[in-house]
Amino acid sequence: MTTDKEQYKVHKEPFYQAQGKEVVLYEAAYAARLPVMVKGPTGCGKSRFVEYMAWKLGKPLITVACNEDMTASDLVGRYLLEANGTRWLDGPLTTAARIGAICYLDEIVEARQDTTVVIHPLTDHRRTLPLDKKGELIEAHPDFQLVISYNPGYQSLMKDLKQSTKQRFTAFDFDYPEATLETQIIARETGLDEATSAKLVKIGQTARNLKGHGLDEGISTRLIVYAATLIKNGVDPKDACRMAMARPITDDSDIRATLDHAIDATFA
Amino acid sequence: MTTDKEQYKVHKEPFYQAQGKEVVLYEAAYAARLPVMVKGPTGCGKSRFVEYMAWKLGKPLITVACNEDMTASDLVGRYLLEANGTRWLDGPLTTAARIGAICYLDEIVEARQDTTVVIHPLTDHRRTLPLDKKGELIEAHPDFQLVISYNPGYQSLMKDLKQSTKQRFTAFDFDYPEATLETQIIARETGLDEATSAKLVKIGQTARNLKGHGLDEGISTRLIVYAATLIKNGVDPKDACRMAMARPITDDSDIRATLDHAIDATFA
Amino acid sequence: MTTDKEQYKVHKEPFYQAQGKEVVLYEAAYAARLPVMVKGPTGCGKSRFVEYMAWKLGKPLITVACNEDMTASDLVGRYLLEANGTRWLDGPLTTAARIGAICYLDEIVEARQDTTVVIHPLTDHRRTLPLDKKGELIEAHPDFQLVISYNPGYQSLMKDLKQSTKQRFTAFDFDYPEATLETQIIARETGLDEATSAKLVKIGQTARNLKGHGLDEGISTRLIVYAATLIKNGVDPKDACRMAMARPITDDSDIRATLDHAIDATFA
Amino acid sequence: MTTDKEQYKVHKEPFYQAQGKEVVLYEAAYAARLPVMVKGPTGCGKSRFVEYMAWKLGKPLITVACNEDMTASDLVGRYLLEANGTRWLDGPLTTAARIGAICYLDEIVEARQDTTVVIHPLTDHRRTLPLDKKGELIEAHPDFQLVISYNPGYQSLMKDLKQSTKQRFTAFDFDYPEATLETQIIARETGLDEATSAKLVKIGQTARNLKGHGLDEGISTRLIVYAATLIKNGVDPKDACRMAMARPITDDSDIRATLDHAIDATFA
Amino acid sequence: MTTDKEQYKVHKEPFYQAQGKEVVLYEAAYAARLPVMVKGPTGCGKSRFVEYMAWKLGKPLITVACNEDMTASDLVGRYLLEANGTRWLDGPLTTAARIGAICYLDEIVEARQDTTVVIHPLTDHRRTLPLDKKGELIEAHPDFQLVISYNPGYQSLMKDLKQSTKQRFTAFDFDYPEATLETQIIARETGLDEATSAKLVKIGQTARNLKGHGLDEGISTRLIVYAATLIKNGVDPKDACRMAMARPITDDSDIRATLDHAIDATFA
Amino acid sequence: MTTDKEQYKVHKEPFYQAQGKEVVLYEAAYAARLPVMVKGPTGCGKSRFVEYMAWKLGKPLITVACNEDMTASDLVGRYLLEANGTRWLDGPLTTAARIGAICYLDEIVEARQDTTVVIHPLTDHRRTLPLDKKGELIEAHPDFQLVISYNPGYQSLMKDLKQSTKQRFTAFDFDYPEATLETQIIARETGLDEATSAKLVKIGQTARNLKGHGLDEGISTRLIVYAATLIKNGVDPKDACRMAMARPITDDSDIRATLDHAIDATFA
């Protein structure tokens, strides 16, 4: 693994619209190198926020999409068989600890417990990462920080972070942006006019109100951006909304009817 | 892996009969490189549609039949042991991202979660694929697009896409073609006369009406094509229908009696 | 793997007694290279039929006994470590696709889903087999055909073919031969006189009537052949029947008493 | 694997006392090379019988103790990595098929299904063993025969042979020998006097009567031989019986009291 | 693995405030090399205590964070493939036994049973560690001691130490420090004034009282330190408390309201 | 694996106090090389007894702590990859069979079934160990004997030895020593005076009476030895008893109160 710090830098300012004090508070957490947990529903901008902070702080960012088949070795590293025997290959967490990157473990709750336990010594006063298989104890680079994301809506008895993990993080709550802000985001990101953008946001909010009444999750800002993009590319607004905002999220005919009705009413 | 772009091109126009605006809408989605989810029952032509679009757009197509034993490495790639040590072998998703192909993940819901999570960074503004095991971050080729298929009838609590995955796609609904169109498809694809083709389609529709009343799925267009092919090859229509349209889909004697009755009545 | 076509040819005509139109219908299916599913209970002659058809058509036959630990790699192939690095080894399905053999997957329902999904592209208009791990896309030889066997009695919620797999096959129903035919089969295959053979068949039918009333399956033709063989070798008919037709299939004392009674009555 | 036929020969006549016609019937089954299933409770002499028959027929015997972690490869063989690449290593079943041994799969029901399916082509008219991973199809040596053991008392819904496996075997029932015969066996095998041997057998029968009333299995002949051996070595009969016949089989205090009472009464 | 003893020494005195006689009692246990189990809730200072004792005793400390995917090999060691064949690599437990370190298995109850059984011979009069795979029997260095941590709140039927493991340890109970002591700890560790520290501790105690009434665990001292650190770095106390003491531990709106109320009341 | 017989010899007489005729009876079992099962609760001295017998008989002893992740290969051996190809490495059971050691499988019931089945041919008249993967059949050395331990308190439907395994062993029952004997053991092993030792034993018996009334197991002799050791090292008896005899075995506050009361009353 080329531990070239530069390749992990975020070179272009990501588009990010602050919703509250989160930028200042994150900077305070980073200043003390406290681990951070960003909480919120799917597609509300958690990953974008972390990318933005990495850019703002000028630190490399290493993102890992966690999943239930990921092992601790996938994070920490493994021996690789080569012509001259084995070679140790740092995993993304190890690389981040060495070069002083912000390591962002996305959807940590999906990972198996060994993945979550492995981060413990990096998140207390030790700030170390023992590579048991290599017999090496890494002291984290002073710039290293650990960030994880967490979707409270997915919590279940089977899949939740252990308290001994949770209690190692400071936490931020995120939610979908409120209407005016979200309209601006849509308009700026896609170039669609504000009036149409506002209509899309209104449909999105209708869907979000259905959460818990037949929908597991509301419609993310991302899907509204998809719809806006299609309209910008010449697709009829109703077709665009159906294709980007209704069809992907549900097959329930009642919910679909409600969404289609909202779409037709909005673009009547 | 020979990443020879040409080998993935669809050189001959696949037979495809549009059912609605899907061709135009797909083109709009592709223009913005939005990820696409094609939804619909078994054998209604989802794969054929994607193949057709790849041909129409002149883009290479890489198809992966997903299954529950498929790992993220099967998609992304792995190290291969060789005489001079290990060599990295790109998986089909990585190849598609490099050469700018349409990557079609068939029956994505069958795959394990690590397979579905691995596509996330390819489906948002990042359009990247981190090869964690290789320490490489691939930026997708401008022509790359991700398409997945999804059969809503198979949805279950155990096997469904996560909302955080669903909300990364625009979606199309597919269904069996309506009778006139399906008759034309049968006739054109097999060379059977339209009258007999229409009879087969009628039997097929009888079976589709049994869906939910003893049949898990209706009879696909493919099975009707099978029956037509057998008749064209000289098999008695009743034998052909039993062999291609009744025997494969059920062992329930009541359903069989209903289907056999429909066959006998149609070819009396 | 020596892909020597000849080693897979069936050189001697297998003993096969047709029960209906199955030979002609199979030939029609093969002529159009339609995939075939042979359905029926244990030991009714499904495998023998496929072997016979391969002999009649003069095509190589590659048989794979499926099981729940079989992986897709067992069918498709894998890399083998050698002195000079790795060498690809075709699996039986790949070999069949390359040399134009009939590939017979016995008891497909036992296999894991990845095994069944892997055959999909070989069973539709594509007739291809993607070797993802090798980066090769095989176009099936024009003579290639896929045949699977399926025992409806074993169907369960846990283990059944997916509709998306079933709907890729034409299907034949098989059952135990009726009495006169089965008597001829026993006599011809073992050289036992027809009178004694008929008695054995009668006992077999008694057992088949117990199916669902304490027996999971009836007695197969194979077991009747076993009994006939033992009698031919000088074993007392009652001992032969007990040893070949009663003891193997049940430990239930009531069922055993019923079977023993039938044996004693028949050979009184 | 040295396929030295001689190493698998049973050179010394094993002590075996026939209980009925089993020797003659086995010879008839072997003459026709019919597969054999020996059924019966723990320690009633099934393995000893097979060993005796191998000695009597002068054929090599390869015994495999089946278990739930045994894979098909453990039976069939596997590639072994060596200095000059990989070398194929025949498994015990393959060796038996090649050299013409009797292959005895002990407690087959413990094995996973892939192990049981792998024997199918060896147990019908084909008498072949396909080594899929090697691309070789072995025709069994004319002397090869397959024997399996099966304990009906262990049958459960989870672990039972499939009918498609059962229906490939002729079967023998075994049970503990009746008292006079068992007394002779004990006396001859251990050199203990017949009077004391008879007393031990009587205690054994008491225990067997408790089967189903607190004991899962009766006391095997083997445990009676243990007790006799200890007595022959100078241990007090009551201590010997407790140590060899009561303590090993149960921790239930009521059953222990009953057994201890029988022991004390017999050796009062 | 560099078994450099020095790298495992704790070179700087860790900040540790004794709660009772635990330091003296630990020294007595270490003097007799008795294995030690430290019990207590998340974040009460168990790991810190062990680190402190290692520093006080001047012994190397090897810490292993246990997890459910850890195998015995992860503790004991494994063979590593190298250019000149395989090389044995000691695991952390083996290293500790060789160099005479205190081996601290953190959250042992998370580990699989093979991990817990492997420590048995090291915890009785034998003080040995058999490396079965290497054929070596290690006698523990005279300075070696085994320490495990255990959180009684996590005990469940599925995950608990076996009595045969528990009965190999002397045990200490830990709990959160009482208020005055905890205030001092906060103040000394973060440099925050005692008055504000006391307020934070008071909020922490409110949360601890909610344990069992909607909270699985109380707030750890660590989280209070986080809050104090943020305040020291200029964050508003209410924001700091929300971010470090409320948001990480719960998403329940009632509990959050209670905690927020306590925060607002304290810093009104 | 160095099969150096001497390294497995027990060179120093282990401290062992006989409870009954077990030494003489074991000698008789060993004389006939009968397999032995030692039964009893945790920490009652089973392992110590086996070690003592190995010393008395002057035979090497190879102990294996069984666990649920142990495979048959861990016992029997495996191929090891080396520079010049693979090398076979005997497992502990194979080593014991070759050099004529007593092989002691501790807590056999924890092991997976393949581990228990693998010992079968070593425990009947054959006294052989087939190394299937190596194609070698080992005849056990005349001095070889197999010993297993078994804790009846752990028996459950899920984890119990199969009768076909149990019926291959003679068995001894062990229990905690009665009070006078245990007092002597404590005093001799730790050097503590008999009066204090007796007090500790009395507390231990209180705890044993709680077995089944809130405690899964009584307090083992080992824990009493721990308490005595701590007292000998200057720890206050009440602290020593709490730390060694109460804290390790339970977190139930009622049981703790009962035990603490007994401790305080005894050392009032």
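A, B, C, D, E and F are the chain letters, set down in written order, and residue numbers restart from 1 in every chain.
Quick note on the criterion: a contact is a pair of C-beta atoms (placed from the backbone, for glycine too) under 8 Å apart; a residue touches a chain by one contact, two chains touch by 3 or more.
Treat the numbers as computed from the prediction; the structure is a model and nothing was measured.
Taking the definition of touch as given, a chain qualifies here only if it contacts chain B and chain C alike; none does. The mean-CA centres of chain E and chain F are about 30 angstrom from one another, to the nearest whole unit.
Spacing of chain C relative to chain E, judged by their CA centroids, is 60 angstrom. Separating the CA-averaged centres of chain C and chain F is a span of 52 Å. Within chain D, contacts with two or more other chains are made by residues 81, 83-84.
Around the ring, the chains sit in the order C, D, F, E, A, B, counting from chain C and moving first to chain D. The part of chain E that touches chain A in the complex is made up of residues 1-3, 7-8, 14, 42-43, 47-48, 63-70, 74, 80-84, 89-92, 95, 106-107, 110, 151, 216-217, 219-220, 222-223, 226, 229-230, 232-235, 239, 243-244, 247-249, 251.
Across the complex, chain B meets chain A through its residues 21, 25, 28-29, 31-32, 34, 37, 39, 71-72, 79, 81, 83-86, 112-114, 116-118, 120-121, 124-125, 130, 132-135, 137, 152, 155, 163-164, 166-173.
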